[in-house]
């Protein structure tokens, strides 16, 4: 059976973008179903592709591969190619499912937007890029798709660009991830210099020396940290919540932010060749998981809670990677993608209903939004890591890996993070759904919004049971959780939830955080200020650069222009000492040279007195000098 | 067979020429200066004669004494408005003097080292006849050009001195 | 000591120098021209001397001197015409009065 | 068929220029149709050459005739893939510049004839394979550009025009000294024949220095770039487009065509220095662009930054780097051309170029705003668009070469900074709510869109299928490297 | 006498001069002299080209070698162009017959001078070419300023001319001959070196090379621009050829010639280019520009045989556009401001002026570029690198003041409506000069090849 249709998987949404983007606004709006159809088509093809690989596929042995050479440089050829193998098949499924769910959901969520057509165009392009990314069989293609996703992220975050916040958030997101991308790009340069090719097979089977491997791995890790919002490059993700919620669900929760993890999964052999890089990955993950979790505890904006939660969960994935458990990381990636997108979609319904994102103004939504609350509960429990929801299984797998690798300190921290996770999940849940009602006239979301949520909730509820199957598929064993580990993690989760209930859920009145704030002023201050990352970056990096740029611009106008003409200036000052320097330092180029010449010319001109006798004397003087010179020369 | 210049005659004429030249520079009267110039010319003509260049001596007398000096004198008269103008104060121009002295000194120094030509002069010199023949055969081209120079000068002088009618 | 070429050349150089002095120092245009004539005279002397001592047969220097005299005469004629023309407009032939053109 | 195609390509616009000038302002309508027709025919000729171009051989379409036999000066035109890319760009941008300035009212006959005259020089520079001919065209370019800026430019146009002229003249006379020095050593003015002359390395060093001054001013390389912002700000739109799109490339083309093959030893000695200047240009240009308040100035400084990548690729002297350099040259011509066109079109409507006074284009005029955003993204090197190709290859080449890693990293940071100033521009100009200046303007006309579409298409084609460009340039680059190795 | 026939071009021009003198008496046409003279001069140029190179004539006193023939044709052709222009425009308020006659006499002098191979012929033809120039400079005889300029020219020229003559007398005395072929021995002793230096002083003054250039700006500034157009160009061609021939004859045994040339070159380039900057009068500006160009030429002359040919070529390359600019100045007024708005009034001429000025700067493909290229090549070849760098830098600087002219032409505004009416004759002159500026450059090699000269 020809597998050429795999090509269509990313191509369909891309075509949808190509059709929509150049159209006038009104036409675009009418073409929205086309985009949805395209992504549904991709979904269908993805399922087909998945079934073609599963069962029987082996990691590293593509079931189908297609490549096109885009560049010849000397005897080297650079190509873009797609390869279908287990990892990409699984990722395909994740991306296509979430993508389709979000697009369908957006029909309801965004239907009042004037520019919905543009929204769908960007979403389609993003889906195409993400699908291409997971299918890519080389680092170059991966990087290109990666960058295009960055663009889409930028476009979607800044969708409501008339407002200040989304505008700023979009540029912040783009630039911060671009910082990471620099690392990725340099990694590619090193890879190319070392290997001379980009395709996974060649690069990963290359005989890496530890030093080069470390360099490449760390550079790639840096790229991944940017994309996956790991400390200290995490600052963009919370702000990115200024974009439309479904877009956040797709991009900033389920797929794009996981691309960093995916990259490390792909490049893991290089990390392993390095060793040091793995350890660093682990600790990046640990720090992120813990610190982001702590931040999630103090946020009032429902989307920001989820955003920090995403960062924290991505941290878990890095932990797994750092411990060498790529399958565990992938597993958590998959489960997280489903439940976190579910949570975001739920949040979308809530926001639609409550017309606010501030949890302090919500409460008692469980009764008003029954379907949503059910779905949300499914997602929350998965996030908290409660059996049997998906998050439990994957998180447990990560903890198992840590134990297996004897990373006990890491295990402890991860456990703490899990506890915190459970706590903020509880905080959110109790505040939003069970706290006293503050608003009236709330209504449940539209069917097109609820249906995708239902699908995702169902997946979240059951996908955990497929862990061992997944492991088998990926060629690694994912055992059923050992009872001991499961008990510990469940205990942590339950404790977190219980603590959350104790703080937020047990009273029937609105909880006043003021008390906590007063009790722990410093700690609370640090958290609400997000560890001062934004302030530091804003002040030193952005402010510093702006000041530098301004300085250089002034410098350019004055000094450089001046220095280039230094000779002319010097000449000017030499040519006439008494000639007043006219103080125009700026832009001396032609002015400077010209006035120098003019000044010198004016000097020359003073010899031209108009007196014949003067001229004759000058002529005779020159002749006399000549005579003297010849006599001296002759002597 | 070399012949020498009559020593006494040369020194007399040389003295006359130099005296005339210095007087010309130092006289307070412009008209007198013209006359001193004439004197220098005549002395030079004498030297020419002594050198056996009769034709040149003749030309010198005719052209310089007869034409140039008279023309100059005429112009001096024409351009002097008052009698007093003719008598002018002549302070020594030390700068010019130094310059001229340096120049002359330099040339004299160079002359001092210039010994490659004989001091004695050949006994016989071709006569006026030979001179005339040569002038119109060998030197025909410059001769013709010289006539054009005179023509050009004539046109120019006429142009400048004319034009009153406007 | 016999009088020879060096004597003549020396005399000529002195006359040239005196003429040069005059050309540089005189303030009256006519006077300057007279000084220039003195210089021309010196050159002619030079030529004739060389002719007699170096090329007595060819008399090249004498011919040179003849042409030089013609040119001098032509120039002085032209120059005096110019002086007269200037005198007619400015009523002066003082060189120091002619400094309208400069720079 | 033995039509002298290259001669036609070079000199056809000359006749066009004469015709347009003779038609005069009274019949400017006919004149501009003539102008565009000539330019289009020229473009068609280039296209025809492209079709018949054989990528498997080097110099082709050679036209060589004796000009001054004693001095070894020949009329020698030829092209390889690199020249072809540049000539194609020049022919295309000229057509677009003419169409974009269709409505010029001030002395239109002169305007169009100057544009065509400029094309003569530009095409000639890229096709001449004889130094004297090269220099003739090189200087010929200055004249129409001077008049384009000084006649139709902004308020300080004369200052800018003279500055432009003197700076480039300053550089080019040193180049002339270098050319003469080379001639005295080799006895020929033929660029191709000079290759592999086995010149003394010390001699090479000095000649390289002379050429460096000539080319670096044109590129421009920090710190010789200060003429560029002034020239751009004062120049009319079409002149800016050609200035940035073609004229800057003449400098880097010179490095590739002349400095590297003929002076390989010196090139190796200079490479670190050039790389350092390139890296500084990249970061410096980007930083200064970031601080600009005038759209055109921002784009101008961005050119300094982008041309830094060209120099970086050249300094690497690797196949990737050189291909990257040519790709940046091409792409920068297309993308910056687009940016200048758009800035000009916005200026025509709002009468201001101040970033602070223009905002919300995408809401009010979505086509203009969208294209401006698109051009910005192409400019900041988004993969899939042409800007990425060259910058990426340059970096690959630079890393693989002897250039100190530090400079490569600094250059890579330039990519980030490019994103910073470009997004900052998009942020303030394209996005947001319409400012008063934008409130009553109309969107792009069909003619204006027509100007931009070919550039958009090229941006995509080159960005996605790199070989569409590299298949022409790579053989040229390889032969340059062979020449360098062979010396 | 068949040798006389070889001087047919000179005789034709001379005929023109004589006819001019009497033209006024015969016809009432105001500019009959120029009308007759122009075709005669053109025919002279053609005849000179037909005669071609012949070698020595009149017992070696004259020689029609390549350089001489090239210059002879150049002088005659430029004279023809100038006369053509005069036949359309006249010479201002005065009648033009005398000017025509004088210019033609001067041209005869120049044409003889370039073929002279004897000091006497050289000297006297030099005087013939110079003397009419004094009159042309002071041609407006009711204008005190013009006469003042002429007097300055006259006195300084006479002084330097006498110094040169003094040098010539020594040169003759040392070598015992006035033929160029025998002059090789001169530059040996101290006196000989003095002689050589004096001769060079005279020629420098003719070329208005610094520091003997003082007469130039004042004389030009007082003179009618039409006269400047002639005097600043045609005699200069003859001067450069004479200089080149003499330098070749002196053979620089004693190392005097080249240093003097180099010093003159350096000073001229500096003085000319720098002093041209503050000028506001076109004549004065072009005077200094001429000084500067003499500097470049001296550089080439100092560079041996190849340089000499390059110098001769360049002086023509300089003369052609220079004459055009001064003719334009004569029509439009000589203050730079007078040229304002020329582009609007006379676009064709304005654009031609671009060609002329850029040629003077040395921008290809104009003739000036090729001239400079060959000169600098020759100079580099003879090891004068530092001076070439000065020359090149000065060329750049010169662009500045030439651009001031262009700026006026294209971007100036002129309040009063003026000026020149249409004149086909002037148009022909401009067209010829523009064409020459463009074509001579591209065809430099074949043109010189015609005269057996190699760059």
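Labels A, B, C, D and E are assigned to the chains in the order they are written; within every chain, residues are numbered from 1.
Rule of thumb we're sticking to: a residue touches a chain if its C-beta (ideal position, glycine included) is under 8 Å from a C-beta of that chain, and two chains touch if they have at least 3 such contacts.
The structure presented is a predicted model; accordingly, all values stated were derived computationally and were not measured.
According to the touch definition, list the chains common to the neighbour sets of subunit D and subunit E.
A
Count how many hops through touching chains it takes, at the least, to reach subunit C starting from subunit A.
Each step joins two touching chains, and the minimum needed here is 1.
With centres defined by CA atoms only, which chain is the most remote from subunit A?
Farthest by centroid: B.
For this structure, I'd like the pair of chains sharing the most C-beta contacts.
Per chain pair, the contact count peaks at B-C.
Which chain wins if you rank chains by how close their C-alpha centre is to the centre of all protein C-alpha atoms?
Chain D is the most central one.
Take the average of all CA coordinates in subunit B, do the same for subunit C, and state the distance between these two points in whole angstrom.
7
Averaging over Cα atoms per chain, report the distance between subunit A and subunit E in Å.
Averaging C-alpha atoms per chain gives centres 75 Å apart.
For subunit A and subunit B, what's the span in angstrom between their mean Cα positions?
Whole-Å distance between the two chain centres: 102.
Averaged over CA atoms, how far is the centre of subunit B from the centre of subunit E? Could you give it in whole Å?
Averaging C-alpha atoms per chain gives centres 32 Å apart.
Touching two or more other chains, which residues of subunit D qualify?
162, 166 - these are the residues of subunit D that touch more than one other chain.
Scan subunit E for residues touching two or more other chains and write them down.
120, 124, 127, 131, 134-135, 138, 141-142, 147, 151-152, 155, 159, 173, 189-190, 194, 217-218, 278, 400
So which bits of subunit B are touching at least two other chains?
95-96, 99-100, 103, 106-107, 109-111, 113-114, 117, 138-139, 142, 146, 149, 152-153, 156, 159-160, 163 - these are the residues of subunit B that touch more than one other chain.
Taking all chains into account, which pairs touch?
Chain pairs that touch: A-B, A-C, A-D, A-E, B-C, B-E, C-E, D-E.
Flag every residue of subunit A that touches subunit B in the complex, lowest number first.
On the subunit A side, the touching residues are 617, 620-621, 623-624, 627-628, 630-631, 634.
Mind pulling up the subunit A residues that touch subunit D in the complex?
Those in contact with subunit D are residues 24-25, 69-74, 76, 78, 143-145, 147-148, 151, 154, 158, 161-162, 167, 171, 174-175, 178-179, 181-182, 185-186, 188-190, 192-193, 545-546, 548-550, 552-553, 556, 560-561, 563-564, 587, 589-590, 593.
Taking the complex as given, what residues does subunit E use to touch subunit B?
14, 21, 58-59, 61-62, 94, 98, 101-102, 105-106, 108-109, 112, 118, 120-121, 124-125, 127-128, 131-132, 134-135, 138-139, 141-142, 147, 173-174, 189-191, 194
Using the touch definition from the top, list the residues of subunit E that touch subunit D in their complex.
Against subunit D, subunit E makes touches at 347, 351, 354, 358, 361, 363-365, 369, 373-374, 376-377, 380-381, 388-389, 392-393, 395-396, 399-400, 403, 407, 410-411, 444-445, 449, 454-455.
Can you tell me which positions in subunit A touch subunit C when the two form their complex?
Touching subunit C from subunit A are residues 605, 608-613, 616-617, 620.
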